[in-house]
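The block underneath contains the structure these notes are about, expressed in structure tokens.
Chain lettering (A, B, C and D) follows the sequence in which the chains are written, and residue indices restart at 1 in each chain.
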Amino acid sequence: MLTGFYTMMVRIRKVEENLMEVFSRGEIPGFLHVSIGQEAAPAAVCAHLNANDCISTTHRGHGWAVAKGIEIRRAMAELFGKREGFCLGRSGSMHLADAGIGIMGANGIVGGGIPIAAGAAFAAQYKKTDHVAVATFGEGATGEGAFHEAMNFAAIRRLPMVFVCENNGWAEFSPKSVHMPVESVTSRALAYDIPAVSVSNKVVEIYEAAGEAVRRARKGKGPSLLEIRCDRWYGHYVGDAQKYRGKEKVEEAMAKDCIADFEAELIKGKVLRRKDLDRIRAEVSAEVEDAVNFARQCTYPDVSEMLEGLYV
Amino acid sequence: MLTGFYTMMVRIRKVEENLMEVFSRGEIPGFLHVSIGQEAAPAAVCAHLNANDCISTTHRGHGWAVAKGIEIRRAMAELFGKREGFCLGRSGSMHLADAGIGIMGANGIVGGGIPIAAGAAFAAQYKKTDHVAVATFGEGATGEGAFHEAMNFAAIRRLPMVFVCENNGWAEFSPKSVHMPVESVTSRALAYDIPAVSVSNKVVEIYEAAGEAVRRARKGKGPSLLEIRCDRWYGHYVGDAQKYRGKEKVEEAMAKDCIADFEAELIKGKVLRRKDLDRIRAEVSAEVEDAVNFARQCTYPDVSEMLEGLYV
Amino acid sequence: MKETRYIFAIKEAMEEEMDRDENVFLIGEDVGLAGGSFGASKGLYEKFGPERVVDTPISELGFTSLAAGAASCGLRPIVEIMFMDFVTCAMDSIVNQIAKMRYMFGNQYTVPVVVRMPEGGGLNAGPQHSQCLEAWFAHVPGLKVVMAATPHDVKGLLKASIRDDNPVIFIENKTLHAMKGMAAEADEDVVLPLGKADVKLQGSDVTIVTASRMVHESLKAARILEQEGISAEVVDLMTIQPWDRKTVFDSVAKTHRLVVAHEAVKQFGFGAEIAAAAAEEILDELDAPVMRVGAPFAPASYSLEKYYVPSADDVVSAVKSTLERTL
Amino acid sequence: MKETRYIFAIKEAMEEEMDRDENVFLIGEDVGLAGGSFGASKGLYEKFGPERVVDTPISELGFTSLAAGAASCGLRPIVEIMFMDFVTCAMDSIVNQIAKMRYMFGNQYTVPVVVRMPEGGGLNAGPQHSQCLEAWFAHVPGLKVVMAATPHDVKGLLKASIRDDNPVIFIENKTLHAMKGMAAEADEDVVLPLGKADVKLQGSDVTIVTASRMVHESLKAARILEQEGISAEVVDLMTIQPWDRKTVFDSVAKTHRLVVAHEAVKQFGFGAEIAAAAAEEILDELDAPVMRVGAPFAPASYSLEKYYVPSADDVVSAVKSTLERTL
């Protein structure tokens, strides 16, 4: 399991490092929001989920899609705007989705995906399955009415879901203090009597807290909120120089690395050796580079496909 | 002051009893939502406010407009749809407003007035006055995103305002349990670290709690939330037979009367004698009947006035 | 067929579809225990229970997006927005989520949500409770927009909308709720096609294109005009998006005159699109200016409502004006 | 006059008005410390402080309604909605509150709110970040709707909008932000009238009515058409609501042919209203079908964006088609 966590975190990191590179080279257009530094949460939470469980994600959602098991080749193709992509190249980074394994889609509207995940949880409850839904979002999103309305409804109907907030301290170019009058998003949950815990950016800690929340949801005991205190290494989007943040703060954030910390633990705990780590990283690199090459070779959609499937 | 409370509560009651009567006779059209049984809150809270302080109210807002000092004749004219009304007869019961004394308007959109009051508080802060703003709303309104977004902003900017929730246990035709996963609206305030108290429907108790909150706002110490636990005697609107609620529950609610209770206290405390109460009630009745007659004699707007003033 | 009322026909449509398909459910404010603010779901809670007739907190955005999520997981939600005016709170859900989920995610999802809402005046409910906003939704790719004028139509169109795999904005009219008329029985299972207009009255001098309550005002106008020897054809669009160009253009090819009548504010209403399409595609058929009937450019008025909402008289004037101005 | 960029001209307009009137303030997401997502308020926070350049939590509905309340207490808010797509979250505030507060409360209030937002494609930002929704607002009585095409215009129109006592929806265009051009200096204090169109190019064969980015595509089209001996007049509406009927109709009375071009989805866009008004009021002047140019009926596409957004070529085709189809 620990090896699985590590592999997944590295996979997410590699995907985004590659994305940054191809984006900087102008190979992919639009906006690119990477989650480097935040790999632990998706790796840990998704380890509790299966293909029937749904997640809704955000503009910063690559990590979640990867952890939920998206096929990296076709995800990459989508980011390249190619027709082989999951969204036929129509939507790119901000809308990665794979209906087949419950990735309900990244959302370009802050907070937009939260009540949608509640809808998936509602459907699970309606159909009397034991599926659960996970809404992922940032602390900035908790300012939106959509967050409030979804939390309220989920609590009242005891929906089988988990609200997962990655509190990275920034929403675009402004710090948490602009967005929240409370320190922790767990305070928000008090308004709905939803159990909430806040954990650090350690994958095992997150895994345990998420397990508790997912089990609770699966057993029909209702929703929980999980806050992960993490750091956003890079700017809001790739290309954002973070002048508003100050070099020191950025360096401070980058000094905290959930992957490096975990590596150290794995070695200390004799779970993996240095060369095991190297092998995993090499394998993942190859996998991701293969995906990038695949995406490069895919084809752009044709203008004649513009209206295809708009209506059933 | 106690006499003032009593007079105001009776005035609100009389206004609405008269409205129910003329409405039932078909003299006024549209929807009519009365607040009979809930007179204590506006009488108590508005006693702390002056003409520079703003309030935003709801579909069930007659009591607040009266307590804030609206001229009853012209308020009545508005409800009759006459051009002498505060809104030129355009808007009726759901939109009573008097800009001159800070009645920013009743709102037909549940939750709609809450961020508007925050705007008044923002203006007071901006202009460095000691004015305060009060948003009034029902417990049902706390389900709307507008409530959440206003609370969040008010807390962050320490706006000089008071959120006043009349928790009457019902939102239209459904009980509180459909709308809230928590017992008291004060729990909602925890999400914003806004101080909150819940009081019963006793005018003096409300007055004291409101005083605390208003003083806090005036001193620049930020917003508070005040919940008043009260009962809605009649249906959601006049004509609603309350079948969903059950006769017993209705009778139970009607057995609790903030005015009758206060009368008993006034007499017991020897503040007023039975005949003082009678005199006050008679005076107020005359005042309200005069207003009704005034409204009857006013004129309907002419169709030629339809577009008047839409743009400045 | 049997006589019923528009509001009962809505209930019957929902009930029959809920009987037919267990994935259909209803969600909204007071739709459950209370049977709906206008009574559209009376009895459904008792019959189907709180799982399928879902009372919500007051949170239009939240429960509409919730329906979107449920729909993409295989359910078929009917969302009730109590007054069309309140849909302003759910625009993000409808426009950025529901309308786009299928297309934006590369056709991976079908999102069969029906969002029902009553529009219009008639209750003296004032500026925030009387609006007609269908033109907004017709401008949004991914949505269908349906408006029903009679008990028969509302039943057949609502059943069609519930069965349609696309999101449908289903617009009722408050003044029509009490309207009596014939509608199909459950076993007849009448499902009207979306996107198909209905010629409610044949005529030869002018085509009146309309929908919802204004169908009745237009028919009334046609009767008045008949007295004066003017023969009007009344085309009920029934679906505003996509609208039935063929029926409209065929009618104009016959009458050579076009009036469009709706209750919404005239400017930038759906009449603009119909008139513009005529000026673009069948200008040569037009013998006279295209007149539009709609509410004046002001919020709905409480006490002047009867002058505010367009009536048969306005349709009569528009028809006369187009006839007088024949080129 | 001096050379500047569209985005700087926006900043200058706000800065000059904030200098002139201490009741003017700016509110929105990241408008303060960060200087705005597109940089429109760069430097204003440093100059005017956090009281007048107000960073908000992500809560479009909340801060737009807050602006409404502040405006009715005498302030003059400029609200920035980061992308026009996000205005879907604030529709209740704009439509049920801001647009109606004055009228609904019997003209007791003036509500001088300017809601700025950039629309359109150009950044490959996909379906939820590229919409053009001006037609919605033009359908709402109580609002004015302004669209600016050049640095000069955006400055003069924004200053006018801030000074206007009515609520104004002020629509920028993302592709224009970087555009260079001349604009007035602070001491010239150029304030352009709202409701007045600008003939950007004189011509005699066809009138192209347009706004915002499509003004430039239309001018480009006119240059192409000129090569073929076709003389196009380009009318920049600048204000969509109320729009300048006189300038448009005068132009059509001269050219007898009308094309309307906008970036929004063609169906039910503002072109429909212009075309319909022509069919209603000046049909006799029209020698040919009125053609409209707009985006196809689909959400904006990430990788097909350049085919999705209408271009000069589309305007050229529309003009040729109206000329070919002269009656």
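FYI, contacts are C-beta pairs under 8 Å (C-beta built on N, C-alpha and C of every residue); 3 or more make two chains touch, one makes a residue touch a chain.
Treat the numbers as computed from the prediction; the structure is a model and nothing was measured.
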item: Third chains touching both chain D and chain B; value: A, C
item: Chain connectivity with chain D absent, coordinates unchanged; value: one piece
item: Chain pair with the higher count of C-beta pairs in contact (A-C, B-C); value: A-C
item: Chain C and chain D, separation of their C-alpha mean positions in angstrom; value: 30
item: Chain centre separation in whole Å, for chain B relative to chain A (CA means); value: 45
item: Whole-Å gap between the CA centroids of chain B and chain C; value: 36
item: Whole-Å gap separating chain A and chain C, where each centre is the average of the chain's CA atoms; value: 40
item: Sequence positions of chain B contacting 2 or more other chains; value: 87, 89-91, 95, 107-109, 112, 143-146, 148-149, 152, 156, 178-180, 310
item: Shared-contact residues (touching 2 or more other chains) in chain C; value: 56-57, 59, 61-62, 85-86, 88-89, 92, 96, 103-104, 126-128, 141-142, 297-299
item: Overall pattern in which the protein chains touch one another (line/ring/star/complete/other); value: complete
item: Chain A-touching residues of chain D, taken from the complex the two chains share; value: 29-30, 32-34, 37, 55-59, 61-62, 85-86, 88-89, 123-129, 296-299, 301-304, 307-308
item: Residue ranges of chain A in contact with chain C within the complex; value: 54, 56, 78, 85-91, 95, 97-100, 104-105, 107-109, 112, 114-127, 133, 145-146, 148-150, 152-153, 156-157, 308-312
item: Chain B partner contacts - residues on chain A that touch it in the complex; value: 143-149, 152, 155-156, 177-182, 187-194
item: List of chain B residues in touch with chain C within their complex; value: 29-31, 81-82, 87, 89-92, 94-95, 107-112, 140-141, 143-145, 171-174, 178-180, 244, 300-301, 303, 305-307, 310
item: In the complex with chain A, residue positions of chain C that touch it; value: 25, 51-52, 54, 56-57, 59, 61-75, 92-93, 96-97, 101-110, 141-142, 144, 164-166
